[in-house]
Amino acid sequence: MKRRVPLAMVFIVSLFMVIQYFVPLDSLAWMYQYLLDWTIIIGVFALLLGIWSLWHVSYGKIKQRAENWQYSIVTLAGLFIMIISGFIPGWGNLNNYVYEHLFYYVLVPIQATMFSLLAFFISSAAFRAFRARSILASLLLFAGLVIMLRFVPMGPVSTVVADLAGWILRVPNMAAKRAIIIGIGLGAMATAFKIMFGIERSYLGRD
Amino acid sequence: MGNGHTEHKTLVERLQFIDRRIIFVFIGLAVVIPLLFGAVLKEETTPIVQTFFDTIEGLPEGSRVLLSFDYGPTTAPEIQPMVDAIVRQCAHRKSKMYMMALWATGDNLTGETIEKVLKPEFPDYKYGTDYINLGYQTGNQGLIRVLLVDFKMMYAVDASGTDVDSIPMMKNIRNLKNFDLIVSFGGGSPGIKEWVLYAGDPGKIPVGGGCTAVSAPLLYPYYPNQLIGLLGGAKGAAEYENALINAYPEYKGRKMAGMKLMMSQAVSHVVIMFFILFGNILYFIQRSRDKSRSMEAGR
Amino acid sequence: MKDRLKLVVFLTVIAFIIQATVAFAQSEGETADSVISEQPVTPPPKPVIVSGEDIPNDNGHKLKLNWEYPAEWNDSIVRFEIYRADSPDGDFRRLGEAAGGIFSYLDIGSKKKDDPNYMPNDQNLYYRVDAVSKSGVTVQSEIGGPFQTSGQWFHKGKVPVLIGVVLFAIFTIYFIRSARKGKDLYIRPLAGIEAVDEAIGRATEMGKPILYVLGIGGASDIATIASFTILGRVAKKVAEYQTALTVPCYDPIVMSVAQDVVRSAYLEAGRPDQYSDDLVFFVTNAQFAYVAGINGIMVRDLPATNFYLGYFAAESLILAETGNSIGAIQIAGTDQITQIPFFVVACDYTLIGEELYAASAYLGRDPLLLGALKAEDWGKAIAMVLIIVGVLATAFGWDAFREFLRVNL
Amino acid sequence: MNAGKLLSYIILAIVVIAFVVSIALKGFLVTVGAFLTLFIFSFLYKDNPYYKFAEHLFVGASAAYWMSMGFWKTMVPNLFGKLYPPMVAWAVPALKNNPAQPLMLIPLVLGILLLMRLSSKAGWISRWALAFIVGTTAGLNLVRYLRSDFIQQINNTVFSLYVTNASGFDLGATISNVIIFGGVICGLIYFFFSKEHKGAFGAGARTGIIVLMITFGASFGYTVMARISLLVGRMQFLFGDWLGMIR
């Protein structure tokens, strides 16, 4: 029961998914649509597990007065305000003032700023890593510099740089990406295959 | 990362591993100073952008253009300048603009574009006859598929809930094939690729796109067969603005968003490249010193 | 029949009168005579429905209707209107139109019974095509049919995929069997994998925790599944060495699986008492909030070793740079091509694409997994052969080979 | 009270005063956005209480945000709305007349099984739901990757090496095609696991890694533009929308 049922289920469901790919009949398409719908719904149930874990960890910190426990109160406050404003029926359907404004004036600015930190990190990473230590590192450096130079106006030299940059993106870039993608395709297929036949079962735990 | 000599670090050694916060300060200044001074950088328009511009320029008065806002606030800095430029051009060409969103986050940005660009700059443009905001609909690429067959099945009401049958410019819209051009703005999925695959190709409708710099290399292969043109990142936006200025002299001397972006871009690229060169020079000085030292030791 | 003929004649006459009036009004200077003599007096002929073909490789509900029409009339026909009914004398519903000069129409029906455009499979369908001339005359064709559409049991365009699946299955089974028999399979060393033990050892020596990030993929993403296996190995070592482990998660299902994996690993190492669900916890499933949280964990707990294995998007560099700033050893791996460069630049070791999937076989040395790895290599060999043969074939102008590799959807 | 503590109180006082002044001058909402932006940027200097505050708020609020989204956008219309439409008629009137679909009991049951893992005894049963999700995607992945990542990419690489244009033989395009062809082959060699990288095979693998490195450098350089744009966006918000210094 503990292992056999899930493994059988994996096999049956995945086999169905493979078959429906080759058979264009209505009935299979209908079932396929259902299966995809179901996975999304189960995913929402799982969010409850997540919220529970977040509550458990935060509450634990507060109770034990662990380091930085005060901030866990902030987490829980954010959680509850957002849940209450998002769930109160009548206010519901997400069109309520508090919920929307929390999204646009709290979540969005933080999210956009976190994202923009990348501008700083990409610079410091470039400074540190783009050094001609070896042939491979020099190639990395060279290609990166050529592409970056493209954005700097330099009169007649610009066209030469733009052509070279375009060529790098079109030729070696294309070749390498294809090789990586073919490899990924094979690896993903092999993993899917191993899952189907229960060879790869680490995701089910061991006991 | 350290290379072993801990006791007496020379200046060269220390500079090689400078505190990264110094780099952060320079990058911050490189971005902010051009913005504060309002410096702009004109970009020459490349063919992939020019053909896009020319297509809209060639549309007859009253043509129907579908603008799909498939992006969110996080990528808005890159995408919004393109949207503004294209909306301005469409308004000059007296095209009818149908705005919609495949992304929930695009909904808000549609309204913002109308409030900040269309209403103040083109007061004669009337809602319902010249432009309409249809808002966001769920369904991602599935939505496109349905729209290709029956537009009003998914858009029975506009963004404010008005019945579309009572809106004059929606009268003759049956499906996507009634549009003269589809423009999708966005970098992710669903976005330009989905518009090409599910609407442009099967319906033989011209599709153009404006996307983030990150996704541009993935979309280039669709030009010129499946995309009439592509604006990639800030550079694409600035190039489009340049084309707009060349065609409409009233924009001459105006500092447009994409061009402002490009000045910050150019300065910060120079700063980053300077740091890279600086690091390499230090590295080579260090290496030649190490070499001569080890040679001395060898003697 | 006679009635219809009468109708046609009647309509033609009316059309003729209207046309003549309009033409006369437009050309006031010209005589009426010259206008009349240039217009064809005969009514347009009827379109003749030739065939209705079921579209292959689909679920039915689609039919391509073909008709014929004399070419000399092309210029005077504005459009053809297409109608369908489920019986010859039934109610014909207008489906759409084709421009003059086009003699086929793809009828895409609905598969839903309550849709007005419902088009049943395996039942008789009847069509009618009306030709509408410039002068507004409409001529109806004879009713065409019966035609039928049907769904197919196999999509022939996908044959290459089927061959691929079967071949790959055979390879995998063969190599797994030979690996089981104890055949020693060589695998080349991967620096990123060999560094795993060393990295765990370093954390133990320093008495600092190990951070394991599974990325922002779901539990069924291939990269995440590969990462689960590696997590199992890492957790076992960590339990043996009694080092601290932190696994912050993005997806709640990934979290539950990771909890199972780590708990099993601790059990295997004989230290179930050391495990608690607080080692593997949920942060949030918003991309940048998750990163913000991990950044916080890094700068406060100062882990000696960071693993980033799984599916990553833009956050990759934020994680790797923050990790670098605290001096941690970093081992990364992802199948997201856009993010690999950032890991390569900012981390000590990076598993590129397929190497991540292979890692589980490397760590476990399980014959089953090694066999599958060998099958993958054979897949690559086949890919190379196909490319080389294909390029040669194209050089000799033999395009059939390339056509064979095309998947027609 | 030591100097460090004193300094942190001074900073706190400045932040509070600036916050209040900003609310008075610029309004509440934009002030909140601006201060949270600054709090996150402060992480670049070092970890500090303001970053911690923004981080923890972000984590809690975003988790709840997706929970509510999932409830209203998925559970209500797609689960309850299909199981028993009248139940959600008040929220989604459009569904009122749809027929009930008893099959939707299956995801409901699987979802509840998943939640069973909170119990230590019946936790194992949650794997059924897990197996369902993993199985669905595994089957899908098998064919999808084979088609788009394997067959399609091979097909794309099958082209003529010898290129001609209007004026005859095109040397540049021919060289490019040869490089793409060679690059793909060498890249694949690099990914071989069960063969030692020695001799000619080793040379191929080394060429493969060279091509990979050029690509990584190029992608890195290309992304700089996108990231700077994001930073410009935030700066425009701070200096334009908030401080009004950009015209």
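Letters A, B, C and D mark the chains as written, and numbering starts fresh at 1 in each.
Keep this in mind: a residue touches a chain if its C-beta (ideal position, glycine included) is under 8 Å from a C-beta of that chain, and two chains touch if they have at least 3 such contacts.
Computed from a predicted structure; not experimentally measured.
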**Request:** Give me the chains shared as neighbours by subunit A and subunit D.
**Result:** B, C
**Prompt:** Which chain's mean C-alpha position is the greatest distance from subunit C's?
**Reply:** B
**Item:** Approximate Å spacing (C-alpha centroids) for the pair subunit C, subunit D
**Value:** 19
**Item:** Averaged-CA centre spacing for the pair subunit C and subunit B, given as whole angstrom
**Value:** 25
**Message:** Can you pull out the residues of subunit C that are in contact with at least two other chains?
**Reply:** 158, 161, 165, 168, 218-219, 222, 225, 253, 256-257, 282-286, 288-289, 292, 300, 314, 338, 340, 342, 344-345, 352-354, 358, 373, 376, 379-380, 383
**Request:** List, in ascending order, every residue of subunit B touching at least 2 other chains.
**Result:** 1, 20, 24, 27-28, 31, 74, 214, 217, 235, 265, 268-269, 272
**Request:** Any chance you could list the residues of subunit A touching two or more other chains?
**Result:** 18, 21-22, 43, 46-51, 54, 68, 107-108, 110-112, 114-115, 117-120, 122-124, 126, 128, 130, 140-141, 144-145, 148, 151, 169, 173, 177, 180-184, 186, 188-189, 191-193, 195, 203-205, 207
**Complex interface listing, subunit A residues touching subunit D** = 2, 5-7, 9-18, 21-22, 34-52, 54, 58, 68, 71-72, 74-83, 86-87, 89, 92-94, 99, 101-103, 105-120, 122-123, 126, 130, 135-137, 139-148, 151, 165, 167-186, 188-189, 191-193, 195-196, 203-205, 207
**Asked** Which of the residues in subunit B come into contact with subunit C in the complex?
**Response** 1, 20, 149, 214
**Message:** Touching residues of subunit D toward subunit A in the complex: what are they?
**Reply:** 29-30, 32-34, 36-37, 40-41, 43-44, 52-75, 78-79, 91, 103-104, 106-108, 110-112, 114-115, 117-118, 124, 127-143, 145-146, 148-150, 153-154, 156-157, 176, 179-184, 186-188, 190-191, 208-225, 227-228, 230-231, 233-234, 237
**Prompt:** Where on subunit C does subunit B make contact in their complex?
**Reply:** 108, 314, 325, 327, 338
**Contact set on subunit D toward subunit C in their complex** = 40, 43, 46-47, 51-52, 54-56, 58-60, 62-63, 65-66, 114, 117, 126, 130, 133-134, 136-138, 141-143, 145-147, 150-152, 154-155, 157-162, 181, 184-185, 188-189, 191-197, 212, 215-217, 219-220, 223
